[in-house]
Amino acid sequence: MTIGSGRATIAIGTGSPSAPQPKPARATAAPSPADLHAAMALAVDLRNALASVLLGSDDAVTAAVVAALSGSHLLIEDVPGVGKTVLARALATALGAGLARIQGHPDLLPSDVTGVSVFAQDTGSWEFRPGPVFAPVVLLDELNRTPPRTQSALLEAMEEGQVSVDGTSWPLPRPHLVVATQNPVGQLGTYPLVESQLDRFGLSTTIGYPDVEVEQRLVLHDGGRDALAALTPAGSPATWAAAIEATSAVTVTPAVAAYAVAVVRATRTAAAVRLGASPRAAIALIRCAQAHAVLDQRAYATPDDVQGVAVACLAHRLVVDGTATGRTVLDEVLAATPVPVL
Amino acid sequence: MSRPGRRLPDGRRMHPHVHPQALFGPMVGSIAGLVAWAGISRSSGSGWVQTVGVLVAAVLATGLITPALVAARARVWCVASPADAVAGSPVTVVVTTTGPFRLRPLSPPGAPVTAAGPARGGRPVDLEVVPPLRGVIDELVVSVDSAAPFGLLWWGRHHRVPLARPLHVAPRASGDTEQDTRHDDRPGDVGRDVPAPSGTARSVRAYQPGDRPSTVHWPQSAHVGSLMVREAEHPTDEPVVVDVVLPDDLLAAERRAGEAMATLVALLHRGERVVLVTDEPEGRITAPVTDSVDAGRRLARAVAPPVGTPHRGGP
Amino acid sequence: MNLWQRVVDANRPGPPEHSLRFRAATTAAVAVAVAACHAQGELSTPVAVGTLVATLAGNVLSYRTRQRPWPVVKPLLAVCVLGGFAWFLLTVNRTATPGDVASVEAPLATLFCWVLATHAFDVPSRRDVAYSLAGSAALVALAAAQSVDAGFALFVALWVLCVLVALVSMWQSMASVTGAPWGLLGGSVATTAAVALGLLVVLPAPQVATSLVFPSSSTGDAPVTSPSHLTDGNPTTPARSAAPSGRLGVGGYLGFARSLDTADRVALGNQVVLRVRASRPGYWVGQTYDTWSGRSWSETGGNGSRLRVLTGGSPYAIPVAGDAQAPLAANTTDVDTFYLAESGPNLVFHTENASRVYLDTPRLFLSADGTIVSSSSMAAGTVYTVVSEDNTATPAQLRSASPGGPEPVTSLTAAQEARYLQLPHPYRRVSALAHRIAGGRDRYDAVVSLERWMGTHIHYSTNIPPLPAGVDAVDSFLFRTRVGYCEQISTALTVMLRTLGIPAREAVGYVPGSYNPVTDLYDVRAKDAHAWVQVWFPGYGWQSFDPTARVPLANPSPGAVLATGLDHLAGRLPWVPIGGALVATGVVLAAVRLARRRPPTWAHRVVHDLERAGQRVLAPRATGETLVAYADRLAEALGPPGAGVPAAARSVERSVFGGETPRPAEVAAATAAARSARRVAARSARQGAARAARQAPAHGLSGGRAPGPRRRRPRRRPEDGTA
């Protein structure tokens, strides 16, 4: 179920709004091979569903699936109208989870995102109305047009997994996926995020303008919203949570881990880089590589996985000087870091 | 500002080849000792004196000459260096050397550091340098000295060590230091400046330190039991334009850059949007400044305008 | 900074020295130096022990108080040092004898020890410890000045080792180097040894200026009581020519006696009997004999009569003997110092024509032929110096000399001539032989021709059968055996010369011996005892001729000594076993290294084949290119034959990164695919090269995509600035 813009305070479908959400049951045993196979199946289904909706954007589809499987948040930097909302909706539908959409604008308050305590006249007490962030999948459009305080509130909630209002903590659902979009920088009236805030997003991607053929197909009602309407859920929040657990158990040999760490460390001393990737980035890189391996139907992570997710995972965390971008810097770093072969 | 060529910024010559330091004492002592020994061996009763003298001469020769070979093979390279610094404050640069050498930063100046560790093998060293003036520093000049194996004479060589990334040395913000909130230890909300909201009230929220007392919504505060203030729209604010023209004289330019830095820091702290206009080697640059680090970089790169530019008034 | 400030700055004490190894090594160096001085007799035992104890205590105290030295220490030490200097000056004034350095050296050594011991109490900083080290060098120099034998090398080696350890520790503490300094120490020892060796070879041999000092000392004052005044070292035992169980030989003669029995067979030992400092080598003459009996030589008047007695104490001026006239012009003066290493006969050895003898003895006995005998016995440790006037003439001069020539300054009296032509019986056969060889020539050429004949017709050996009884030694030697050593050869030459009417006599003494470049001394061994011939030339006196030995003209340089020593060593080393051992070691090491290398697994082989294949067709695998990406690129470049390559790469990745051992079929397939890829690549590389040689290459087998990490096709990015 979706919610409109942040001004109204409407409860969302999952769980009672006035009580803290119960945590989903977590598996106490280590994930079994069957769990891994289920995760692989879910990954393939997700990708097929997203690819049918978002024609031709393989990078964005892969990034979305990896974000879903690794439990990281996704940042889409793109111009309006290329299908960001469609992607988020398709993801939510395929995962069988509810989607909440927040439109960012300079008047957005933190309470519009996290929820607000309302004074109920009849009971004479303050009630907490949960905000849109309490949905399993949250789409926040134009993150860089929201004022800084709201940005901080959202990112803090993402980091801690809970919302504190009036001394009470309301936990966010698990699993939780935030898809935030921003317009490319250079426009007036934006509040660009600081590096420490961008670091909270595990992956970043763009969708870009489609090819001629794809655009023609879209116009002819193939893909896009029409495909979205025909989408069926491939899983449920429970299977999604299990898939995340199984992904985190994918084999990572010390060689691959060392390679990921080497790449991250190389970004810190690369030329034209003002601020490199943090250790949090290295952890995120490995988790995304594991998710990429699951998507590739493998139970082990390889350097190919690391290279495949490196740009998505690291480019937005780098602060570069001059005319270089995160992508160019990462291309150089990946070309220069020796890959473990044996 | 890096200066290629044979001179360090303070005018001393740069020696790219190994040269001894404080040669006078050890050389004179050795020669005097050996001459005295030769005299004794001629007038003694045994040729053993000459043999022992030859051994002592060999020890002295080894101790005086080997450091030159060791210092000539020394290598230094920068592992990590920060991107920003403030003139007059120490900056730590991590370099790696290939042996137990003594490193003396020459430009920018710093205290000598001995690279401790085993006799072989590279080891990281933290060099603390203090850039005296603002600018962009691409490389350090470090003297790498060795006195191996006997410690009789130090031989050294001046190395140019390219930094891992260019170091922008911002001018020290001079003048009013009240604006520096990093070191504001005063209690309470005195001096904190939260952007004053103006415009129509939109909603009510909890009080945050720094809010003006005039925005407190008393009825709602009475209801809730704690202070609530009115939330207002943020105005779209016009940026403040700061135009910096630096004089040609180095020290005067440093002072003026310091004043500009102080002004920029104050404005940024107040939450204003600032656009900085400076002259750089490529021409006049007009661009917004997002934080004090960015301001420092812009001022580090700024130069005096080329001769012939019409004079622009004001700081 | 002006000069005064600079001096003050330079003298400021540095930071305290914490390195314990540095201090310990310096103390050890001082201890070795003190021990060396004590071994040379310059320090008495209480002084040496006291210095050691004081140095140790001082160092401990300085180490304890190094952070805050006691202010009372410096003035106290200054007073002590001044007192030491005062004592030294007084002692030297009282006991020193002019011209005797040794009498100064002992108090000097004691003064150095005193200064070192007091300085050890005030060594807080690095510079002070270094000064202690330099002080030990002065002590070692003092000890070296007195030592004459090779045993001092032990002290030198130990001291140099301590100094090297101390210096390396000093540098370690200066540069904050951690860890044991073994590598550095080994390197510095090797470098120092190499430099020292180079310097030793390059520098000239040490030339001790013997014209300044004439050392002499004696260790025993026992007067000699034997009737002939010649003893064998024991004051009361007359010197005997042979003893079956002589100390210096087996069945050989003990030393020098009043007669020389050529029937004795010698086997002399290798011990050093005396050491000589001489500016140039020469024969050390002991005695001469003039009466030949057919088997043995003896000396007229050797039983004690006709001896001149010289009294008065050292130095003794030797008057020119009756038959040795004043030397001619253009001669050189030799100053030779003799250090006795073993107690021996109380002969004063000298080069010919001794003019002054510096010997600590009440009387000297002089015989007519120039033999000098001391009145005290000479034990080991006796030192005496002899100044001689060299009168060796050149062959041209000797050729021109003839009896009755112009101005015969020197000539023999008739009685002397008769003595030196004495023969026990007319040697007819010997005379005929001598006349056949050298008849009709002048004196010099006669001697030379006889020498040459000896060289070609006589075989030198010390291993000869005993002389049968009743047989004349010269007859037997010249006509029967033709084998002998210096005694037989020189006796035969003398007899032959006498048959020719040339006055000649037998001289015995020592050849110069081996020159030790380190101590600047000739080491004369027992086996260097020698007999040679002296021939009278009117006008020039007695000239020595030696048909047996070759004597060099000058002291050899250290480089030459080193070269010959190495030559001998190289000749004696067993090279074949050494070479075999080295080769075997090399083989063992190579085998161990080969065995330790892990055997390549199938994954290694596959990767190796793929990389080789790729090298032949396109650029090698880039640094940042994964195996799978590289394999895809390779399969694209190879076409249909490379179909199995991507699967092979994925198998490798599965086994390496997934930890799963693949099935044998999969392993075989991967290995086969890689191998075939390599073959195909090699073939097409050859074909491609041939084709390229024939035509301009349209397109080679270059890969489609550029090497690099695997990239998806980039999307078109929206331009900046559009909303």
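By letter and in written order, the chains are A, B and C; residue numbering begins at 1 in each of them.
Here is the rule we go by: contacts are C-beta pairs under 8 Å (C-beta built on N, C-alpha and C of every residue); 3 or more make two chains touch, one makes a residue touch a chain.
Quick caveat, the model's predicted, so the values are computed rather than measured.
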A-C or A-B - the one linked by more C-beta pairs in contact: A-C
Centre-most chain, if every chain is reduced to its averaged C-alpha atoms: B
Centroid distance [mean C-alpha coordinates] between chain C and chain B, Å: 59
Centroid distance [mean C-alpha coordinates] between chain B and chain A, Å: 40
Chain A-chain C separation of Cα centroids, rounded to whole Å: 83
Touching two or more other chains - residue numbers and ranges from chain C: none
Of all residues in chain B, those that touch chain C in their complex: 25, 33, 37, 40-59, 61-63, 66, 100-102, 114-120, 146-152
Interfacial residue positions of chain C with respect to chain B in the complex: 10, 101-102, 134, 137, 140-141, 144-148, 152, 156, 160, 163-164, 167-168, 170-172, 174-179, 181, 183-184, 187-188, 191-193, 195-196, 199-200, 203, 205-209, 212-213, 215, 516-521
For the chain A and chain B complex, residues of the former touching the latter: 106-107, 109, 111, 119, 147, 189, 192, 268-269, 271-275
Complex interface listing, chain C residues touching chain A: 603-604, 607, 622-629, 652-654, 656-660, 708-710, 712, 715-718, 720-723
Of all residues in chain B, those that touch chain A in their complex: 79-80, 83, 164-165, 202-203, 205, 223, 231, 233-234, 236, 290
